[in-house]
Amino acid sequence: MSASTYANVLELAAGLVIVCAVVTLWRRSLSAIVKTLAVQGIALGVVALTLGLHQHDDVLITVGCLVICSKGALIPTLLGRVLASEPKSRETSPLVNVPASLVGAGALIFLAYGATAPVVDLVGTTPGRLIPLGFATLLVGFFAMVVRRKAASQIVGLLLVDNGIALVAFLATAGVPLLVELGATLDVLLVIVVLRALAGQLWSRFGVLDLDQLRELHD
Amino acid sequence: MSTLAHVISAVVAGVVQVGVVCVGGPLLLGLMRKVRSRLEGRTGAPVHQPLLDLRKLFAKQRVSPEQSSWIFPAGPVVLVATAVAVAAISPLATTHPPLGQSSDFFAIVFVLLLGSVFIALGALDTGAPFGGMGSSRAMTIGALAEPALLVAILAMSIPAHTSNLPALVRLGLVHPAVLVSPTRILALGSFLVVILAESGRLPVDNPNTHLELTMIHEAMVLEYAGPDLGLTILGESMRLMLLLGLLVNLLIPWGVANRPGALLFGVGIVVLAAKVAVAGAAIAVFEVFTAKLRLFRLPELLAGGFILAVLGVVTAVVSR
Amino acid sequence: MWAVMVLAVPAAAGGVAATVAWKRWVGWLCTGAVGVVLVCGVVLAAQVVNKRPILALGGSLRVDALSAFMVIVIGTVGVLATWQGVRYIDNEIASKRSSARHGTLYAVLVQGFITAMLLAVLAGNVGVMWVAVEATTVITTFLVGHRQTRGALEASWKYVIICSVGIAMAFLGTVLVYLAAQHAGAGTHATLDWTSLMSVSHRLNPGDMRLAFALIVLGYGTKVGLAPMHSWLPDAHSQSPAPVSALMSGVLLTVAFYALLRFKAIADGALGTAFPRALLVAVGLLTLLVATSLLLSQHDYKRMLAYSSMEHMGLIALGAAAGTPLAVAAVLLHIMGHGLAKGVLFLTSGEILHVEGTSDIAQVKALLVRRPALGGVFAFGLVALLGLPPFSLFISELNMLRAEVQVGLGWVALITLGCLVVVLAAMMTYARRMLFGARDDAEPVHRTPAVVTAPLIGALCACGALGVLAWPLDGLLRAAAMVVVR
């Protein structure tokens, strides 16, 4: 792979990750949001694959394939099941309306750029320059978790945070050691399974999946 | 070639570009209507129908509302004048248009904005309720769309180190890698949203509507008749052609003449017509499958366009 | 060998519990397994005090004085909690709230939970430590929601969402530490091994480490219950079954704090002590103030205990901020003392909830005369928790405050003292309402079975003995403090 193609593919895939993050804030239909997440997972896998092919790193290539399978297919399927338990799956009343949250996301993206400056300086390679995009994805996910009121939206926010971190990890260090990487992926999968089970229990017992109605415990 | 020859060839190119846009704008409108009709199972009017309409309108007597001032007739004239000026200096068929140095992207946007402002003023001038409603809506949309457009231009000009429009197109010809950079793609995505909003296409505004209450652009030109209406239609169609032409040239610059020469320029004209026709047809197809957004949802669409542009800037800064 | 046993025994007990239907002996087997862990912890401590760390399983397990100390804490509180767990499941089954299947699930999850915590403190690799801490989140979610009430499910939802985000931040921080290690000369052979990180810590890039440590404090701080990511803590601790609350409050919080201590040592090497100290002082004070103000208006005694846990986590964060050997030894002693006192109190409150049927402070009256044994344990537990002599929390709080004054954080010590006084007053008021009062003549004096009170009284005695003698832990504490202070 030539140097310019490599940089181009990397930029495109990393760009797609952050665009997908923003699209999840933009859309209201939860099923569309889950599809966006699948695209994001695949883009993330492509980043890992590209890095792996460029550096002839078999481990990274394997991880890339794993990411595509888990984040591009498995997790969206699981999330789709959560949505199936909830008939009207639209994010109708987020705490912050959509235009304002998009502008907020814009501000967060610049914040991410500022915050990661020392890391970018330290890495100093082509992938290193793209680190702010991963950090921005993380912040957008954080933001989505705060302003969205549906159970499924919060899971989506959590996944955005996770994908952002994975992107930073790939770009900054070409992946942490495989054992940790596998542990992290497995943990995310488990958390999703746990959340799915919880959402199912909440729905079947109390008919609630709107977190505004979870107000029993407070001070 | 001497300097004089350069000047002459540039002037000729400018004049030809203006002519092409003047004729091509209405034809583009006709083509989009034709595509739409076909997809809806109707035969539809011939493609050159808008030109025939214009001929008929220009032959009519001028009528103005009693209470209106000079602003009212000036609106359509300024609209067409700004479109002509932009058509002359834009890199549509060649990257060496007359006054190419002045063909700054920001300047072009503001010249076009001048036309929109005058149409809105003309609609307000009559004091008719629909005109005022349309103006206020159009200005709201404009106020949301302009920032997105400006940020999108900023994003494109960061890697090129210039906001000169011919230079941006030339950069794409010389370094095709720029075309697939996320910056260019995101900025053009934002640009497309702005084009749909500014030229009153679905899902922002329905150009074929007959319901005054849902109108945006049509409400503004409701009071115009005869030659004034003709100028308005001509001006609007030229703007659509211009914006689409710039979009496709920034997206796929091949075919645009990068050196002076009649043959290359001729090829440039033909390729431009083809590209714009395809883009127009694509928009028409998109419109068939799209419903108009509620007015209150429009800020979401335009904020989406804005954030795409912001992302474009960030990726540009990041990958520098 | 002992290190492997620490992990293998509770895991095996969990395996046994998974394969046979719930019987009381399964519960006692689990308690025994945790007892073995405690014994192994003591043996390990004896082996590593003032000696080289023990490596096991090819270096993936690493035991130094700090790890051995944490194993002892987990073992101690674990024995208490699993002991009461048997009674909890008996009560649940007797009252038809859950079936034997729930008993099995509970036993397996508790053993898994304890194993994960042990792995976190024994892992030689900070990445594996992260995986283990995250695993505790996944496992405890089911334990928090074990009672399946609306409140319990709500609490577990908040718990898993907030803690997952927090722990994700900690992962990002770990990645950035790894990045710094790669650029500190280790190249592609960089590892997340604690030993190698410590050996290059003075060469780690400061800009990168500053971001990394901030993320780690935020991330692991979530699991510690430090503000501003603390909101899950009162809900989860008040809704869980009492033995689980005891484990979560008594050890899980401090296991997460252990991770923070390890990273603080690395950050101290890379950045000097000023930045880590400022950060810990900020979160510690914020936590202390939030907990104190919320303690003033509580209606639920389990929530009251949960906020008190937050208060104590704020205290140890401030102690760690001081960072002298004295301060860290005091922090570790406080971890032990808090584990014992809070474990006793949560287990007692579980028993009170069982016999009184309410967790409302206003509806529990005259415990000391109606149920003398239970009320007595609760009263002494509170005395221990509030840091009154002779209990060990008094000594550790005193020494943390002294260390803070020594390093020029006198104003912090002053604010801390103020908060402690307010907390003392508030909790005494609640305790007075619950403990004192007159008994109805019609109502007999209830006896609490010795099987319930014996371990609790034992734990309180241990806490008192530690406060008076400091023996046998003093050598271990000093050695453990030197692991993370240079």
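Letters A, B and C name the chains as they come in the text, with residue numbers starting at 1 for each one.
The working rule: a residue touches a chain if its C-beta (ideal position, glycine included) is under 8 Å from a C-beta of that chain, and two chains touch if they have at least 3 such contacts.
Owing to the predicted nature of the structure, the values given are computational and were not obtained by experimental measurement.
Engineer: Go through the assembly and pull out the chains touching chain A as well as chain C.
Structural biologist: Chains that touch both chain A and chain C, as defined above, do not exist here.
Engineer: Just grab the chain with the largest centre-to-centre distance to chain B, centres being mean Cα coordinates.
Structural biologist: Result for max centroid distance from chain B is chain C.
Engineer: Taking each chain's centre as the average of its Cα atoms, which chain lies closest to the overall Cα centroid?
Structural biologist: The chain sitting closest to the overall C-alpha centre is A.
Engineer: For this structure, I'd like the pair of chains sharing the most C-beta contacts.
Structural biologist: A-C
Engineer: Chain A to chain C: how many Å between their CA centres?
Structural biologist: Spacing between the chain centres: roughly 31 Å.
Engineer: Using Cα averages as centroids, what's the distance between chain A and chain B in whole Å?
Structural biologist: The separation of the two C-alpha centroids amounts to 37 Å.
Engineer: Between chain B and chain C, tell me the centre distance in angstrom, where each centre is the average of that chain's C-alpha atoms.
Structural biologist: So the centre of chain B lies 65 Å away from the centre of chain C.
Engineer: So in the complex, which bits of chain A are touching chain B?
Structural biologist: 4, 7-8, 11-12, 14-16, 18-19, 22, 26, 98-99, 102-103, 105-106, 109-110, 113, 129-130, 132-133, 136
Engineer: Hey, which residues of chain B end up touching chain A in the complex?
Structural biologist: Residues of chain B touching chain A: 177, 180-182, 185-186, 299-300, 302-304, 306-308, 310-311, 314-315, 317-320.
Engineer: In the complex formed with chain C, which residues of chain A make contact?
Structural biologist: 115-119, 121-123, 138, 142, 145, 151, 154, 158, 161-162, 165, 168-169, 172-173, 176-177, 179-180, 183-184, 187, 190-191, 194-195, 198, 201-202, 205-206, 211, 214, 216-217, 219
Engineer: For the complex, give me every residue of chain C touching chain A.
Structural biologist: My answer: residues 125, 127-128, 130-131, 134-135, 137-138, 141-142, 145, 148, 150-151, 153-158, 160-161, 164-165, 168, 171-172, 174-176, 178-180, 182-183, 191-192, 205, 207-208, 210-211, 234-235, 238-239, 294, 297-298, 303.
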